[in-house]
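Encoded as structure tokens, here's the structure I'll be asking about.
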């Protein structure tokens, strides 16, 4: 059985709350797939529908092409790592790890051996007889992962498993998780509201907002080619200038903004005569650039070594964020002054507002 | 119910529901329904059961209304139980207030332990203790006579003795709910009231007691119910002139041999207690769910 | 401190002392009377110190018989009340809001029913079925309201239960029965132990309900009450003192165990 996961038009309504609407995407076998979105957008709900804790009110979940309808969480080839970890506080670490094997009727000696093997994998040898309460946050995290891996799931569902960790540990665990996924070849569906986490770890990312799927794409594409205004604003930093699209031709769109006419790549919904917005990445804005010239009032310059972050406001009030390489900092304006920036059309995208 | 099924699966859910049904249907509802049935039928010799005279009527309850002694005892049980509840409240309120608002953490834990210990001890023993103290030749009379306060021993048994023992027995049921309620009152509110020039009396009647209303109502309900339904205290400490309603019920069952009247009397007691519970909770606007802590 | 406040404080401490006296004097006098040679249990006049009453109590076969009856009843009550009370708590917590209010009212109603009424109604029902008073009915009648206590204690514990643990176990392939046995039940264990202890205490000390359904059995409380009326000697005080000592030790042990558990960091 392959372990691709397909969601076909699933939706979930709790009473009067519409948590998820008409979400369709397919996760390939062995893929590291992330679901990214702000708090409350329905990420956990989707994961719980895949795991079988709740049945979708509409649509279907298929794993390996097989419809999962009516199968309980204990009958699906999935294992879940919860936002709260949900380790069993009254069992030792090794009993926690071996719980899934116990459920499958595996004998005690074999369970113990398998638990030891997994403890080695997560670098917690010798911790088997501790209680979960006697571990640090990162160690508990790894036990939760080992517990899920022990049942050799085809699909591992991870619900913001790193959110409780401090930055340093989180970065370390990201790398470990990624390596683990490569090594085991298990399909990972990983939930996060941290975009840098999603971009850094995933093969592909689904972005959600308010129960709706916005875009499914590789991290690179998401960043360069956001499909919707939400994605453009939510993923990475951006400068957004609203206006009216005047012309679309040859993959480029011209938009009339309060700061003058600007040109960028034509994205989704960009049609002449429509209201639209041009999104420019901070690293695309260059001081003094000649094409697509813009003026802004600089308020602050944060020097960060390799580059400097320039903050300010455009004439129409929109926020300015530019990241300027240190090598070009000579041209950077002083705080309080007016400055000119420019960008290449291929580094900006014009989307229809909608 | 669907949630239960989803959570525990069909096997366990069925067992759980079955257990609860055995309890609610078999141990709570059925006995009470059968008691009502008994209460509404006449007491007949076995041969006449099911015969033409075996009809439902309110005769047994009417009997209580018509029998002067029983009626008096019933009414006395009501007001005496109310008196027990009121006295218990007066005894408990100051210490509950002190514990909730004034005592230090150390004092509180000691006092709580000290108060709880007597109440782990069985009601019969607690009543026995009063029996001994109040006995004609008992310590209380001996002390009073030695001090020269009285000349001859006093017969304490009777209403006074019953009251003392009942208040003693039910203190905890009054104290804990009131303490819990007052504890949630912010100290700042009392200080604010004092700051505004309120007298201690006003602080209590206008700030503390309204705040602790739910706890006080709970205490009243339990104390009244326990007092009205008590058998041991009146049986051991009462005098012939101070009989309690439960004693009459007992006699119908084990001396008078008329279970139907006994059932009717018990039913009246039950209805009385439930009415007091519901009315008190209604007046104090307390939810039943908050009563059982 | 103003003069009136000082008087008020003095009065309050007087009240506290009186309150303490009221609470403990009866118990102390009752206990002390067990050592007085006087045939009637009292402390004044003190006719000489003796431990004979303990021996007399020890030699009383009927006392042992009633103690035995009480213990059997208590064990049976635990066996009946703890599973049913636990089931009731689990059922109640998974009901939806409206049904919950009604079910809750029904389930706590035995606590608001006078004990004598519970005894009477049980007696009547079972007489109709041809079964008279005795251990069986004592157990049933006592369980009727002791189940409520168990239910409330289990519910209090359930409120702190993180249900994702159950989901986690289910997601790892456990059957629902296994989830209950390995995850839910172990979590409830402390509450079940405490509830069992409380059930034993409630059962042994019950009098009002038991009196009506006892048939020809004489549990400890009935034994003591009968003694008081038919021939009270300090032997009863000796028994009372021992029961009190046992209860106090039990209560303190229970409290220490509770505080120790509360003090332990929970994951």
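All chains are identified by letter, namely A, B and C, in their written order; residue positions are counted from 1 within each chain.
One rule holds in what follows: contacts are C-beta pairs under 8 Å (C-beta built on N, C-alpha and C of every residue); 3 or more make two chains touch, one makes a residue touch a chain.
As the structure is a prediction and not an experimental result, all values here were calculated from the model.
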Item to complete: Quick one: label the inter-chain contact graph as line, ring, star, complete or other.
Response: line
Worksheet entry | Central chain (by mean CA position) | C
Practice prompt. Select the chain at the greatest separation from chain A, using centres from the mean of Cα atoms.
Written response: B
Discussion item. Suppose each chain is reduced to the average of its Cα coordinates; what separation in Å results between chain B and chain C?
Written reply: 16
Discussion item. Just the number, please: Cα centre separation of chain A and chain B in whole Å.
Written reply: 62
Worksheet item: In whole angstrom, what separates the CA-based centres of chain A and chain C?
Response: 56
Worksheet item: Considering chain A alone, which of its residues make contact with at least two other chains?
Response: none
Practice prompt. Would you mind listing the residues of chain C that make contact with two or more other chains?
Written response: 175
Fill in: Residue numbers on chain B that touch chain C, as the complex places them
1, 3-4, 7-9, 11-12, 15-17, 19-20, 22-24, 27-28, 30-32, 34-35, 38, 91, 94-95, 98, 113-118, 120-126, 128-133, 135, 137-139, 142-143, 146, 168, 171, 221, 225-226, 228-232, 235-236, 246, 249-250, 253, 259, 262-263, 266, 269-270, 273-274, 277, 288-289, 291-293
Response to the item:
Touching chain B in the complex, chain C uses residues 12, 15-16, 19-20, 22-27, 29-30, 33, 40-45, 83-84, 87-88, 90-91, 94-96, 99, 101, 104-118, 120-125, 127-128, 140, 143-144, 147-148, 152, 166, 175-177, 179-180, 201, 204-205, 207-208, 211-212, 221, 224-225, 228-229, 232, 236-237, 240, 243-244, 247-248, 250-251, 255
Worksheet item: Taking the complex as given, what residues does chain A use to touch chain C?
Response: 51-53, 72-74, 78-80, 82, 84, 86-91, 99-100, 102-104, 131-133, 147-148, 150-151
Discussion item. So in the complex, the part of chain C that touches chain A is made up of which residues?
Written reply: 162, 164-165, 167-175, 178, 182-183, 186-187, 265-267
